[in-house]
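Got some structures for you, see below.
You will see chain A twice below: alongside chain B first, and alongside chain C after that.
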Partner chain A sequence: MTASTDLGTGAGEQVIDQPRRGALVLRRLLGNRLAVVGLGVIVALFVLAYTAPLVYHWDYEELDYTAFLAAPSADHWFGTTQVGGDVFAQTMRGLQKSLVIGLLVGVISTAVAAVVGAAAGYFGGWVDRSLMWLVDLLLVLPSFLVIAIVSPTFRGQTWLVFVLLLALFAWMITARIVRGMTLTLREREFVKAARFMGVPPWKIIFRHIVPNMSSLLIIDATITVGTAILAETGLSFFGFGVQPPDVSLGSLIAAGVDSAQTFPWLFGFSAGFLILAVLSVNLVGDGLRDALDAGSVRSRRADRRARGSAT
Partner chain B sequence: MTAAEQFLDPVLAEGPVLTVSNLSVSFPSEAGRVDAVRGLSYEIATGEVLGIVGESGSGKSVSSMAVMGLLPGSARISGSVRFRDTELIGKPDVELSRIRGRRIAMVFQDPLSALTPVFTVGDQVAEALQVHRRELSASAARNRAVELLDLVGIPNAGSRAKAFPHEFSGGMRQRAVIAMAIANDPDLIIADEPTTALDVTVQAQVLDVLKTAREVTGAGILLITHDLGVVAGVADRVLVMYAGRAVESAPVDELFARPRMPYTLGLLGSLPRLDDEERRPLVPIEGQPPALTNLPAGCPFTPRCPLAVDLCREVEPELEIVAMAHRAACHRSSELVRSDATDVYGVSTLAEAGTGEVPRGERPVVLAVRDMIKHYPITRGTVLRRRIGTVHAVDGVSFEVRQGETLGLVGESGCGKTTTLMEILSLTQPERGSVEVLGRDVTGLDRKARTRLRRDVQVVFQDPVASLDPRMPVADIIAEPLVTHGVLRSEIRTRVPELLRLVGLRPEHASRYPAEFSGGQRQRIGIARALALEPKLLVLDEPVSALDVSIQAGVVNLLEELRVRLGLAYLFVAHDLSVVRHIADRVAVMYLGRIVEIGEVRTVFRAPQHPYTQALLSAIPVPDPAVERARERILLTGDLPSPADPPAGCRFRSRCFRYTALDAADQRRCEQDDPALERTDAPDQQVACHFAAPYAVL
Partner chain C sequence: MARFLVRRLLNYVALCLIATFLAFGLASLTFNPLAAYAERTPPPPPAAIAAKRAELRLDDPIPARFVGWIGDVALGDFGTTTTGTPIGEQLFSRIGVSLRLFALGTVIGVVVGVLVGVTGAVRQYRFTDYASTVFSFVILSIPVFVLAQLLKFGGLQLNAAAGTTILYFQGEVTPSFRGSAGAELLDRLQHLVLPTLAIALQQIAYYSRYQRSAMLDVLGSDFLRTAQAKGLTRPRALFKHGLRTALIPMATLFAFGFGLLLTGGVFTERIFGWFGMGDWLVYGIQRQDTTIVATVTLFVAVLVLLSGWLSDVLYAALDPRIRIR
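Right, the complex of A and B next:
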């Protein structure tokens, strides 16, 4: 009566282990070489951005009146600006800001989209109607205008408020897509099974609905990280967000883009770091997607590799 | 012997219509070359029905597509397909299409895709005529089309010919497709799973039409199906396919009576039968069919074969003559003369239920449903919603399930079986009537009490793919009910391997995802999850109908064993009455949201009293050609009426054969009085018919 087919994964492991989903996903993620590289680069960027200014001999606000528009040298590693600011120090400062802003906005807006969309789709009725009304309202409001209007209120506040404002206007379209997917997922038998088991609605949403949309959510989050970093630049023009003398990668790029041909160091280094950051976020996102996707051949291979290297 | 001569005669007289020799088909794929068909040979004589059977993925459809030249360009085809005197392989498509449709006709599983939605059915049949016979005038073609539709049993063919395909039911569409197929008097009809998408009563009608088609055209028929019962009733000769090859072929009586290859033997033993008297264990064939990439040398059935010897692993057996007109591909076929599937596969006999001694009346009631209804509104308009009607999905059903017993709920698609289950499982007050679980009325339960009650009522769904969260490892899936009901982590760690072992899986499967399992194994996971909380009642919605027969047998045996061991009660929904006959103690037959007959399985199957039960039972094919030939079929006319508009009086009136035989006064009674369930003389049987009378259909 026993179905004794060997499923042919892994050779003769006899350990009876029952790792939970979290552990399994982590193991698969760490088995994916590109994702590990991406993760490594992100960590390295953070470490660099926060420790380099401590040991470097110029501050980002300091000006060197002996060197205007100097090319990279031993003294000014990335050269200097028109007024003698040190580009390396500014780039590190900008990297700090942009990394934090990008990652926070990406994670917050995607989380809001997932929760709002899934709740609207799962509960239906008045919950759905009021949440979708809110989405439509935010979609028609011109976000730049709103931010410009409310910015005086928040002037002088921490830049975290700015992160929240950026996130506020980034989640609506995703939430609509999530709602649509939830409507179909809700009728799937495994969701019904959970309901008949007595699993409470919010647990069903977080345990069954959201994980089954993880591909969409991860792609969305990685894209939002990039767009948030760039959107922040645009908003700086309105006198809001990261203001001089403080800098972000976005404002550095904006300032340096005009002279990119003649003085490439003003633009090249910050653009390079931006690309590096966005790229590694994408690698981690891809890896996470594969790790969560049970059926993916690549992740199963990664799993085996991870298991193999563990023993 | 005589059967063999019968089939040989026309071949000698006229030569075969179709000769397939050494046909091989392969497809390129990422995992390597897929050898879908490997050296298949057969022939079909004029007027002969050849049945090809096999599990999903055995190459049945690909081989017939190759015959018709309908494979995609990436397929590599070798061998020969001769239609009369014409070689079809390698012929350009233009020439092939001249033969297709005119001399070779096709009937597919899904009739909707074979009809164009924007033309009327009559026009499409007429077009099929004119394409190949230009001289035919439009009006003559239309008249002939109506004649053909009439021939295949479409009522009022003249007016129905003007209807569009979506206005036809599934069974009527399939008949229209058969009308198109026989329009040009073909020499060969290829029917690929023609009745798989249809209900049994409709299947019986369509098979009947197919027989008519053969009589009218004298064509040879290639009937592809996974249902051995259908083959037993319709085919003259049978070819069994496994892993892209023919493993056995014989005249139908010979094959069913004396299979000479372990796979065929197992397949026949795995079928539950409608006419079984005693409960016998089914024969499960362990494992699953091999992947068709990089097949190892030797017999492809070796991993599942109880008789495999070393030779089997090295040399693939040829299809050789083992008796008159009987071929089999097995090294040990000579030892298989007159052997029994249960002996060969070593199936242990079932333990008897522990509740056997306690009479039914004294066992506690686990589930009591009284007069329950569920209506769905039909609405029109998006802005201003108007209610324009009501679907009477469930319209007053009552039944009881007692501890340790299985109640089978059967009926055609759309009769309200799933709706009944979902209403019960919601554990909320129904629109009317009451539901009592373990003696507690679900009306007025608060949320806490309801959650607590859910421990005792668990569910297994039909589709093993959809019912498991693809993103969860098996350990988490099985642990979910335990976690939900607050079982300690340490206890869960020991429960999960226990449960896996209980359903015949291995504990080390716990860290895998559902996608890594076969259909039968996934269904076992679903059962393990349902059993985790040690429920008292298990509700099963078609738990085996998505599985191949050989796999289905294993799951049915498992369910039976678990019920006996754990003293469970089952509410078992199925459309396959053979499975219900096998597994259930009592059966309830549903028609249009009502129960029309309910009672002890043996009584209801031996002496059904409601005309619908009788028709349903008589429509189920029995996998035994001799029995099939001797049976008299009750063919129902028409299709299930819409549940939005059930007939007044007795709902079965529009299809009832007993009603048509009544005199006017009695007919009026059927038209005006809605019959209620009444006791019969049998100890446990109730029927809702004014003119109930037993009639043995088996």
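Right, the complex of A and C next:
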């Protein structure tokens, strides 16, 4: 809360309140066993996905012509595919992609939501109206449909285009909440003081308004990571997401799904890692939500969400 | 109240048209329906490609194409696919397939979800509460396409255990099925169970989480204590005063849950081989067919519109404060 300390006007309550609150939230989060487990699993998955391929003796693009559809063994830990690709190497590669896409989408979309929501709430007037209209419109269009429609354009492009598209359709609900909070923050003494001292609007937004919503933004980014992973794998499942030769957990599951009954390793490992990743992200998100406030955040989110889609 | 509902309806119709236009525009911009033609061996003569170009009106500006199409739609003509078959031929059978799946899945999902949520709240921190919380957490972390596959495995196990086919997981009805109406209904039901479960389970998990917290908010309220103090039994007070209040925020949530349902529907239809609208969307994108995509978008937009409007009606029915407006 440097923002309010260096101003010092009428923000006394802020200065005392915030650090304690941060410690309290952290303590509550660490007290939540499931959230801690979730956090541990996510870290472990990240480490595994990025270090295992370094020590493993097969590359995800490499083919073993002596082993087609081989069951898991000491040589191929998770078995091989129809053409002799190593399932462990592919799963690790897919896990990398899915995790990093989820993380990036969570961070980018929350940043967009913070900027758009704060701008709409702070400036009001036509800025507010046009931004909120955009939010309503994007909420009506099912994101799955839109990304699927434009997917032919990013075939052959880098997967970062896909990340941007996913983020483009993930920020709207958070932006609405941020806007609502900005409306009240705008009337607070420390914001008014900054304004009367002649601090330009954008500086006020980034130094005084956004930092005051950091806890909400962190929770929201976490929850978005979970939904982004689900969206990414879903689109990749149909071939509308991560494009070959690169793989994601979604495209791996799609490749293994037809023979899942007879060759379970083609489907089971990627599906298992996917569920594990999403479940742990959700556990952390829920723990954060409870740590910040037992009930109100959840109900507020539900309320905003519902109102967002009904407008 | 009537004015409130009419105003909402107009708002939805406008958003619906804009959404369809955007999907139509995006599809027109990104799709190249002539690609499949040009890649044929031997390559078709340029005149044939030019004729196809003219037929698909690819040289007209996109807004003009959209206005032409939506005008025809208003008259009941949905146009043709790029291969020339009329959209109308498949449209209604596909809508029927999707609605059968969605309607049953939604009804089961909403009713069971609300019941599970209320039970969890009333018996907070008991076994049923923990069990339903764990259930919804796990279900919400499983993507639909994995869940559907797991249900297929379950169905196979069940069939193997029973020694006969109880549940089918391909299509809507056994092809070339001949039999009495009753036998056909049974056959359809056997096909319906697994896809419906795939859709319903997710909704149960989703709604029960929100219903639980909405109900918990209500359980601590003064008016519920008052209702019991003036002599209502607890179940009666819970049902008449508690549940009704806790359902108000849910009414708007139902509209939002519809998005979840539609995306889930695409996967479910695709995996269980149901030729519905979701299956058509994937087909349309793979074939780069603007008309199919625009038609499906219109269908989705109308469904979102209807469910949004329905939730407004529900809202008005449940919350007296709205009716005055």
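Quick note on the criterion: the second predicted complex is superposed on the first by the 167 of 311 C-alpha atoms of A that agree within 3 Å, B and C clash if a C-alpha of one lies under 4 Å from a C-alpha of the other, contacts with A are read in each partner's own complex, and residues count from 1 in each chain.
Convention: a residue touches a chain if its C-beta (ideal position, glycine included) is under 8 Å from a C-beta of that chain, and two chains touch if they have at least 3 such contacts.
These numbers were taken from a predicted model, which means no experiment stands behind them.
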{"item": "Which of chain B and chain C A:257 touches, first, second, both or neither", "value": "second"}
{"item": "Partner with the higher number of touched chain A residues, chain C or chain B", "value": "C"}
{"item": "Partner chain(s) touched by A:214 [first = chain B, second = chain C, both, neither]", "value": "first"}
{"item": "Touching both chain B and chain C, residues of chain A", "value": "295"}
{"item": "In the complex with chain A, residue positions of chain C that touch it", "value": "11, 15-16, 18-19, 22-23, 26-27, 30-32, 137-138, 140-146, 149, 153, 156, 210, 213-214, 216-217, 249, 252-253, 255-256, 258-259, 262-263, 266-267, 270-271, 281-282, 285-286, 288, 293, 296-297, 300-301, 304, 308, 311-312"}
{"item": "Chain B to chain A touching residues, read off their complex", "value": "284, 286-288, 303, 422, 425, 450-451, 454-455, 457-459, 461-463, 466-473, 475-476, 480-481, 484-485, 493, 496-497, 504-518, 520-521, 524, 526, 529, 554, 557-558, 561"}
{"item": "Residues of chain A touching chain C in the complex", "value": "136-137, 140-142, 144-146, 148-153, 226, 230, 233-234, 237-240, 250, 253-254, 257, 260-261, 267, 271, 274-275, 278-279, 282-283, 286, 295, 298-299, 302-303, 305-311"}
{"item": "Residues of chain A that touch chain B when the two form their complex", "value": "1-5, 7, 9, 13-21, 24, 188-190, 192-194, 196-199, 203, 207-208, 211-212, 214, 292-295, 300"}
